[in-house]
Amino acid sequence: MMPTDFKDNEALEQLRESGTNVVLTTVSDLVSWGRANSLWPLMFATSCCGIEIMAAGAARTDFSRFGIEVYRSSPRQADLMVVAGTIVHKMAPVLKRLYDQMADPKYVVAMGNCAISGGPFRDSYHVVNGIEDIIPVDVYIPGCPVRPEALLYGIMQLQRKIKVSYSLPLGKKEEDK
Amino acid sequence: MTDQALLDKVLAFAPGKVAVEEYVNTYPALRVEADALHDLARFLKENEETDFDYLMCLSGVDWGANLGVVYHLRSTRHGHVLVLKTQTPERITPTIDTISDLWVGAEFHEREVYDMFGIRFTNHPDMRRIFMSDKWMGFPLRKDYQASNPLHLETEGAYEDEGIRKLASGKGKDETFIINFGPQHPSTHGVLRLVITLEGENVDQVQPHCGYIHRGIEKMCEHLTYQQIVHLTDRMDYLSAHINNEAVCLCVEKALQVEVPLRAQYIRTIMDELTRVASHLLFWTSFGMDLGATTCFFYSMRERDHILDIFEETCGARLVLSYVCPGGVMYDLHPNFQRRVKDFIREMRRRLPEYHRLLSGNVIFQGRSRNIGVLSHENAVSFGVTGPSGRASGWHCDVRKQDPYHVYSQVDFQEAIRTEGDVFARYMLRMDELETSLNIIEQLIDQIPSGDYAAKMKPVIRVPEGEYYQRVETARGDLGVWLVSQGDKFPYRLKFRSPGFSTLAALPHLCHGFKIADLIAISGSLDFVIPDIDR
Amino acid sequence: MRGLKKYLSGLFQGVRSLLQGMSVTGYHFFHPREIVTQQYPENRATLEIFERSKGELTMPHNELNEHKCTACGICQMVCPNGTITVLSKTEQNEDGKSKKVLDRYIYRLDQCTFCALCVKNCPSDAITFAPTFENAVYTRALLTKQLNKEGSKLQKKS
Amino acid sequence: MSSVWLLVFFITAILMVGAGIIMAWLLAPTSRNPQKLDPYECGIAATGWAWQQFNVGYYLFALLFLIFEVECVFMFPWAVVMRSLGVIAFVEILIFLFILVLGLAYAWKTKALEWE
Amino acid sequence: MIYDFSKLTSSLDQLLLSVLPPFWVLLVEALLVLIAGLAAFAVLGMILVYMERKVCAFFQVRLGPNRVGKWGTLQLIADMLKLLTKELVTPRGVDVLLYNVAPFIIIMAAFLSFGALPFARGLHAIDFNIGVFYLMAVSSLAVLGILLGGWASNNKYTVIGAMRSGAQVVSYELSVGLTYITMVAFAGTMQLSGIVEAQADGWFLFKGHLPALIAFVVFLIASTAEANRGPFDLAEAESELIAGYHTEYSGLRFAFFYLAEYLNMFIGAAIAATLFLGGWMPLHIGSWEAFNAVMDFIPPIVWFFGKTFLLVWVTMWFKWTFPRLRIDQLLTLEWKYLMPVSFFNLLLMTVIILLGWHF
């Protein structure tokens, strides 16, 4: 796909910074490339969107083609948290803890309208209206539920974002969250 | 026994304490004084002639001045149904006797009522909140609920949890190996949390903790019109989304006494069965994965994708269809529908033997599933474990046979039954049902009559005052919808009796003494959908 | 002796069942025809998306940049969770009568539940669902969309 | 000569892991927060301690293993020279295996091989 | 024999000796072996993981990685880069020493067995005269890494995983040992190169017919179990224990566990190929001279890897077909089926050798 086929290129432009050191930039680009192409997701799904994640992993829209079939159940080994489904008040601390326990670098994709804004349940007394109140989100994939191709598209958006971001701690330490 | 005879019998048992309810009701209903409830319930359960052994539904309701509890009882032998309604005298410290000593399954339902309405059940073995955390303020389903609860972001230590303290008590702290399975665990099928005490590999006690996806659907429904409610029901048991939609619509149609066009009924029935096939295919997938046979996932998802294509072509969505509306269906079938369904049936018939060769016959699989987690017929009824899991214990509980809706009465099909009640029986029963469903679809697919696909409905539906109960058979069992209307365009109270919730109550009973791996197999074979449990 | 026989027959039956399972997977391994993978980004041109598919709400405009929305607000009313906001303004038409016309049609894609009540209830068929699904973005604000194009007008009834 | 290579491979292994971990330590970003270092337990604060008394089931098998494995080791020299010893070797191993199988049968009979 | 690495190595040895004193020669050679070992190890690991992902994809009617590089060949490079720059988390409350040592042990065990494999004539670093015995000793070191890692993590899942792995690996070690003995008795030597040479006129699988076949099957099962591979992956049992014994390990430390699993599978297959399928020996059929000549033309290293990868593929076939065993099934299989069968088989082999009924 050409870059012009994607949406939201403006946000990407802001991210793109030129490194001072050519060698370091090259190394950083290489590492970013590695990270972008090796996103191991955390096995985490709360509701309907989880079924569509399963569908995305199934043979029809096989997401192992992107190298992300290595599903890890332990947050220590996962790079990507796809928040699929509604997050309720009781679940919020669990989500936060899981995110905290992931090893850096880590990325979050809010999959489906429930995760983005509370979706159909946003008026409920027990539903969190958007996970961005709890953890930082890299990519938003709207849909209810998100169809598998849309998830793949979202993952490709995330890959583009990772590829343009500076990935080495040398000279620039990532800020504590 | 006729309904009148039944009512007379009960009235004679406790004169003065019981009155016949004159409200519009789907089933014969009685109003009982709170102090006479337990005796009456015991009488109804233990008397040979009444023999109400199945507690269909237990719901709380806020009547304004006081709080009520409503029991829907059913006799599996006689097939009659009775509704008991009782009220607390006041709403500050409401208490009612528990009936969980009579129907084991009531334990969870009563906890739910406590959680949502604050009614304490005396003599209840484990009176705790079930969905909300212990710190939660207020009882959400009360009409005057206004408490605002801030979002807590720190998980609390488990010993702060009342239920876990209970688990650990009695033994020294060092001797109990308490371990959490879930909320984030690959094989709790979502965000169910099971707290387990272990002795080596063996499971001693299991304590389910729910509410990690409690979305308050019942409360939300009280502020939505009947058309709007339909889209929320999709998201409860999203694997039988279409059947859930139907439950609400059927209930509304029953209340309004609308005649649904025959074409719509045929469409709904076929869609029902396709949904069931898709759900059972997903069961096969996830059950295989729970047992470590990952390849199953890909084979059955491949077939499931065909069904999703059929859905998407007609309904425009793959999973949560929102296809049913009160009076019929949203749009007509797609012209390709019949051809695609027939293709799918042919394909599925070709693949099913492969499934059996790959998994069902496998010696490891058989060893892991036979004689594991045996649920007796008696317990299945007492817990209210319906659907395939109940039928695997030899209980004829198929709503499609008992209370036929749509065109099920005109279809020739056998209710699949197995008697072993173990994991293998539950697994095989779903495989049997796959074939049954294919047969039903095959009988109907060429018979779809022409005509309207929906009855003409008013843009704003007002359901006449009264209480209505509708049961449908989802892929997981008996889904009941209890609708209380006060003539408004919103329901006064809408309760979903979800099959998964009752099934979950049986899980601790099934797992005791088995191994960790068996626990996974048992919970997999019960085929939970967590949002269906939590709602 | 019977014990030994049972032991051996169990052994052979077990092995047989294992081999049967392996024959199923083995068949699939040696028949690449069975592979059903559709390669998504590469097959964008040929990807089969059904026309009824509900991807996002759109408001079709004709070549004169005209839409059919009369700003009646029914869609906003039937929407179960406030996804649609119809902002109207009063405009003077040629006869000098003031008339309510659509100013902005705000659609929040990140809240929509795709129940299609809006489309079904729209009296003038002004809105419809498009089968697009490539909507993922980095900023949530972009998911709030204005459906009527700049400077668009109400289509005259013919 | 082989012993030298053994040492070389040993060192290689240590170098590989060590160098890798040092690299990771240098290159990897880190972040700190209060929950990160807690033991993971499905997203819930852990209850109790993992180092507790444990079921003897596993231990029993370790003991059984020890017995049979030692016997196994005794059989290696026999296996090498078996051809030259001829029939005597066969008789010897028959007796030896008989005793071993007796042990196994005993364990089988007393249900030591069942996982309770 | 057309291809002989011993010539190459000895000429290299000569060359170095002519310019350097013996001690330095040894050092240089050691360095060469070190680099070669490292490279072989890393490349092999990547090939195996790539193979696993592709093979399982084909079993599962899909394509597998194909977007990073042609046919997804660069996927493993990306994974490696990612893992190399992933944070190493050391949770609170772990036994820091053991927690850090465990990956060393597990990789070391794999390396030491790896060094003893006869890849081709002359390409065989550690060739003890008790080669088989040595293999048995070092390959069982791996379980120590798992046990320590699981226990030191102070996490309930890891502890259970470690315990399971302990019970499992020690049990299956017995069958492995017994099949070793069976084949040593047949070969009459414990030296691996000797065993391979003895198969010049026919692989042991054919020469030893029935008992060798039984031993082969038993060994295949037991070595899969020893490598903690599915269907015997109880120690990591995704659906039960999250990630089993390495739940708490992140980044590169986890990568070493991951790598070791694949290498252990490879080593198991390589030993099976060496003991039963003639190692690097080409396939010869009786007096079919032309056929044999063609077979000889294929280099021995190709033979070795061909056989090994075939067996690796078979173990993958097992993994992607069968459900996981339960702990009691696992132990029943070993103690009630494989062990008695192995005892019986050893006797059978003895009888056949003594009566000269083998080929």
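The letters A, B, C, D and E name the chains in turn, as written, and every chain counts its residues from 1.
In this text, a residue touches a chain if its C-beta (ideal position, glycine included) is under 8 Å from a C-beta of that chain, and two chains touch if they have at least 3 such contacts.
Quick caveat: nothing in here was measured; it's all calculated off a predicted structure.
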For this session: Show which chains lie in contact with chain A and also with chain C.
Result: B, E
For this session: Tell me which chains count as touching both chain D and chain E.
Result: A, B
Exercise. Any idea which two chains share the most contacting C-beta pairs?
Worked result: D-E
Seminar exercise, completed: So, in whole Å, the Cα centroid of chain B is separated from that of chain E by 50
For this session: With chain centres taken as the means of their Cα atoms, state the distance from chain A to chain B in Å.
Result: 34
Exercise. Measuring from the mean C-alpha position of chain B to the mean C-alpha position of chain C, what distance in angstrom results?
Worked result: 28
Problem set entry | Where chain E touches two or more other chains, by residue | 59-63, 66, 83-89, 156-157, 164, 238, 242, 247-248, 251, 320-322, 327-328
Exercise. Mind pulling the chain D residues that touch 2 or more other chains?
Worked result: 27-31, 35-36, 38, 40-46, 49, 54, 57-58, 115
For this session: Spell out, as numbers or ranges, the residues of chain B touching 2 or more other chains.
Result: 154-156, 177, 179, 183-186, 201, 231-232, 295, 297-298, 302, 305, 320, 358-359, 362, 364, 515
Seminar exercise, completed: Per the touch criterion, the pairs are A-B, A-C, A-D, A-E, B-C, B-D, B-E, C-E, D-E
Seminar exercise, completed: Within the complex, chain B is touched by chain A residues 42-48, 50-52, 54-55, 57-60, 73, 75, 85-86, 88-94, 96-98, 120-121, 123-128, 133-134, 144-145, 147
Seminar exercise, completed: Given the complex, residues on chain E that touch chain C span 55, 58-63, 66, 317-318, 320-322, 337
Exercise. In the complex of these two chains, what residues of chain A are touching chain C?
Worked result: 1, 5-8, 11-12, 59-62, 65, 113, 116-120, 122-123, 130, 132, 137-144, 146-147, 149-150, 152-154, 156-157, 161
Exercise. Which bits of chain E are touching chain D when the two form their complex?
Worked result: 26, 30, 33-34, 37-38, 41, 83-93, 103-104, 107-108, 110-112, 114-115, 125-128, 130, 132-133, 151, 153-159, 163-164, 166-167, 170-171, 173-174, 177-178, 180-182, 184-185, 188-190, 242, 247-248, 251-253, 255-256, 327-328, 331-332, 335-336, 339-340, 343, 346-347, 350-351, 353-354
Problem set entry | chain C - residues contacting chain A, complex | 35-41, 44, 47, 55-56, 80-82, 108-114, 133-140, 142-143
